[in-house]
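Two complexes come next, and they have one chain in common, chain A, joined by chain B in the first and chain C in the second.
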Partner chain A sequence: MARITLDSVRKRYGETMAVDGVSLTVDDGEIVGMLGPSGCGKTTTLRTVAGFETPTAGTVSFDERDVTHVPPENRNVGLVFQEYALFDNMTVRGNVAFGLKMRGVGKSERRARADELLDMLGIGEMADRDPTTLSGGQQQRVGLARALAIEPSVLLLDEPMTGLDAKLKARLRDEVGDLLTELDVTGLYVTHDQEEAMLMCDRIAVMNEGRIEQVGTPREVYESPATEFVSEFVALDAPDLPFVRW
Partner chain B sequence: MTVAPSRRFGRELVTVILFLTVAFLIAPVLLTFVGSFAGEWSGVFPSEFVTLRNWREVLGLAETIGSQRSMGWDSLLSVGGYTLAVPSELLFSIGLALGGVFINLVVGVPIAYAVARYDFRWDEWVSAISVLPLVPGVILGVAFLRAYPDLSGTSFGLIVGYSLLKAPFMVMAVRSEFESMPLQRLEESARSLGASWPRTFFTVIVPNARSGIVSGAIICWTLAAAEFNFSYIVWAKGTQPLALFLQRHISNSSFTRAAAAVSMFFCIIVAVTVLLQQVGSRGFDPRG
Partner chain C sequence: MLGEYTDRPGPRLRASAVRVVAVFGSVLNPVTERDRRRRRVVALCAPFAILVAIAGAYPLLEVVRISVSAEQYRSVGFSLAAYETLFTDPYYREVAFNSLWLAGGTALASVGVAVPVAHALEKYDLPGEDVLVTLVSFPISLPGIVAAFMILVLLGNNGLVTNLFAMLTGRAATDLAIAVSASGLFVAFCYSMIPRATLILRGTYSEVDHAAEEAAQSLGATPWQTFRHVTFPQIRPGITGALILTFRTGLAIFGTLIVIQTVLVWTLQISRELATGYNIQVAGAMATVYFLFTFAFTAFGLRYTDAEVGL
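Up next is the complex of A and B:
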């Protein structure tokens, strides 16, 4: 794992400024949430960290290494998407082992590592299954296992629970939250759901119109919002949350 | 409580209509197949069963009346007085259509991918042109002879023509498959896991689209094999394309022999379809 630093990152598409001077540090082992309405630039920021977007200005560093122009396949980042995006032409185990295969890890070791991760996520018995036969929650666990298998410098989660129903979401949130803490993962967690951000993340960066409005612990953001936007966005039907990370 | 009649009878009605439609469509095929074994077919139904004469004539195993060319049989190997022969010309004409499919795979899949995956300046145009069933075979055939006189009558000319005429079907089938999956997410997942772009394309993107690619190949092959107009204009000598072979047996021979030719064509289509499906699912499936 590594410390992720974004320094004055800007991304412009034609006339539109999608990300407008974002500076943020994610410490080693920390999960930072990027919270904001759709179109606020949080996904573009995440894609910049992954290497799928090159910033118009600014730099991205993993520890001391400047990775701004390093292609995605050489960055060692784990990605988890809302759409799961599992490879249907492989078994569950094949999906999890894919990254290790690309790194030239031997077959028996790949297999052992994949099975270990699947067990850890409670879906060890699904290893030989076709991913399309799994439920949404199970598929998302496979997606997570696949991203964690390469021991990424940073784990990037893009609305990973948005497609799931409320009950499953609650359960997965607890389990995944515990697992990420246990594994000491450095993570960037993009979501539009303030409850999810507050429960899963050590700190939250609230974004609006390409800028970060406030960075702080869930309690800071909730109790002393820095701007009117933050207060409106976070307070919006925020329930009485058991703030697990306070 | 009363149940609506549509609910009570709807299912049965749909089943009956479906059954009748399928029966109506399949009846001529079955009748043709049965008729190919008949000695005489002058009324509605064939008579004088059972004879293999029609099939033997069509397959070029029996002497035919007139100067029609039979199918070329080459002996493959001889063991103890028995000779195993293969209908080399028939295989060749099947191969002509397969050649067109091959070109469409190499060219059509990347086009479908580009149009489905990227927004670029002319993507609407590329998309429109690639799926436009360009021109009828007659026009393409005439244009072909004018533009490339050297290619006229050659097998290569036929293959290129088939691929041009049928490319839209490949692009459409593969493109809709690409559009039905989270293409960009799949690609990004694979890239982030350390796969280069070419490796991502061949080990993740293409295998994930296998059902679209296989159905595209089957449609292309079937249509290329049955393409008469273009074949008629461009073909000059040598092995006849399948469509011309069929036409020859239909236009100047008995009804029963035409039935045998059509039945054989049908059998070939079924066989190649099964073959493409098998190659498709085996070739792409690492579990197999």
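Up next is the complex of A and C:
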């Protein structure tokens, strides 16, 4: 895993400044949540880290390597999407093994690796299924297994729990949280859900209008909001504090 | 006992007839919401059904009747002489072969060009995209005869492209002109077909899951690998649909052939049968074979696609 460093990243679309001077470091093995309302620039920031957007200004580095202009396929980034984005023309196993196939890993090895990950995520018996026949939670597990299969330098999760029902969300949150801790993954977790961010992340970067308002542990953000916006945004629907990861 | 009873064809037929009568009854006097919906569907489709019956089915049956008529100017008797001529005379086999290779080649080339065009138009934000879309789409509205004329203007003896190449190579323009040749005809066909293929493929591309493409890229797939493993399987139904449409339309082209009569194809030959000696039985047989072939081809092709080409 690698350390992610965003240095004064700006992204402008015409007259709109989507990301306005974001600087952030995600340490090796740390999960940082990007929390903010819709349209605050968190997904654009994540896409910039993934390589799908080139910043108008600023740099993105993995450890000491400047990856600002490195194409997505050469960044070794695992990406988990809100809408799953599974390959419908492949089986569940095919999805998970895809990244390994692109890396030239042999068939038996990638099959073994895919099965291992699917077992780890509790969906081993679904390896031969068509992903469209799975439930939302199961599809998201496949998406996570697929992203982890390539042993990514960094894992990017874009609102992965949005769209799941509350019960499933709570269960998946616990399971995925434990798994990410166990694998010691460096991750950037984009969400607009305060509770999710507090439960899943080591630190939280609260964003508003393209800027980071505050970076801190969930406790710091919750107990000592740096701005009025953070105070208002984080105070809403505050989670059951004893379960927060701090 | 009931199984034994319903397995017999007589009662089954009666039961089906009763069901059909019941459906008609429900359309005339709807009681449930399902009946009313059925009635609305019948009302919506009625004009087209009448059109199919009057302008489609009747003329087709008449053409079939003419093709098997024993006399030239009256539909009387029964003779398969016209069909025998079609299937045994090498001349007609060559006409059929010409039609197939020209339409097939056009379909392949047009779809081959349309895939990257549709890809670029749908996947990227291009400057002046509206103008590009108009440029790509407008040949659809051009009659084939105009398309052929444009090919003459470009690739004829005095054509712009011909003279440009003549200037660059130092060769005579007349040696380089291809407008009035099989190649020129092929280009004219492609000119008409590329917009049609692009239209279908743009629709297909607009439904491509771009997140899946990005997922593939993030997993290490190059743009080509992403296209091959993720995009192509999603657009395959559209490609099949575009191939069916362009092949079928390629077989139907006539206007272009009036100007560039370098390859004798089925439609042109039907015209000649009627114009020369009024050989209406053979013309009718050719039209019947044409209809059956395109119908069967489309029905077969649609088994492999859900693209909206229609029968």
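Following the convention adopted for this analysis, the second predicted complex is superposed on the first by the 242 of 246 C-alpha atoms of A that agree within 3 Å, B and C clash if a C-alpha of one lies under 4 Å from a C-alpha of the other, contacts with A are read in each partner's own complex, and residues count from 1 in each chain.
Here is the rule we go by: a residue touches a chain if its C-beta (ideal position, glycine included) is under 8 Å from a C-beta of that chain, and two chains touch if they have at least 3 such contacts.
Since this is a predicted model, take the numbers as computed values, not measurements.
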Taking chain A as the common reference for superposition, should the pair chain B and chain C be classed as clashing or as fitting?
-> clash
Based on the superposed arrangement, let me know which partner A:Gly187 touches: chain B (first), chain C (second), both, or neither?
-> neither
For A:Phe52, is the partner it touches chain B (first), chain C (second), both, or none of the two (neither)?
-> both
Determine, under the contact definition given at the top, whether A:Gly99 touches first (chain B), second (chain C), both, or neither.
-> both
After superposition on chain A, which segment of chain B among 26-34, 44-52, 62-70 or 80-88 overlaps with chain C?
-> 62-70
What residues on chain A does chain C touch that chain B touches too?
-> 50-52, 71-79, 81, 83, 85, 87-89, 98-99, 102-103, 143, 146-147, 150
Where on chain A is chain C touching in the complex?
-> 50-52, 71-79, 81, 83, 85-89, 98-99, 102-103, 143, 146-147, 150, 156
Residue positions on chain C within touch of chain A in the complex are 209, 211-212, 214-223, 225, 229-230, 233-234
In the complex, the residues of chain B that touch chain A are 181-182, 185-186, 188-196, 199, 204, 207-208, 210, 284-287
Which positions of chain A touch chain B when the two form their complex?
-> 50-52, 71-79, 81, 83-85, 87-91, 94, 98-99, 102-103, 143, 146-147, 150
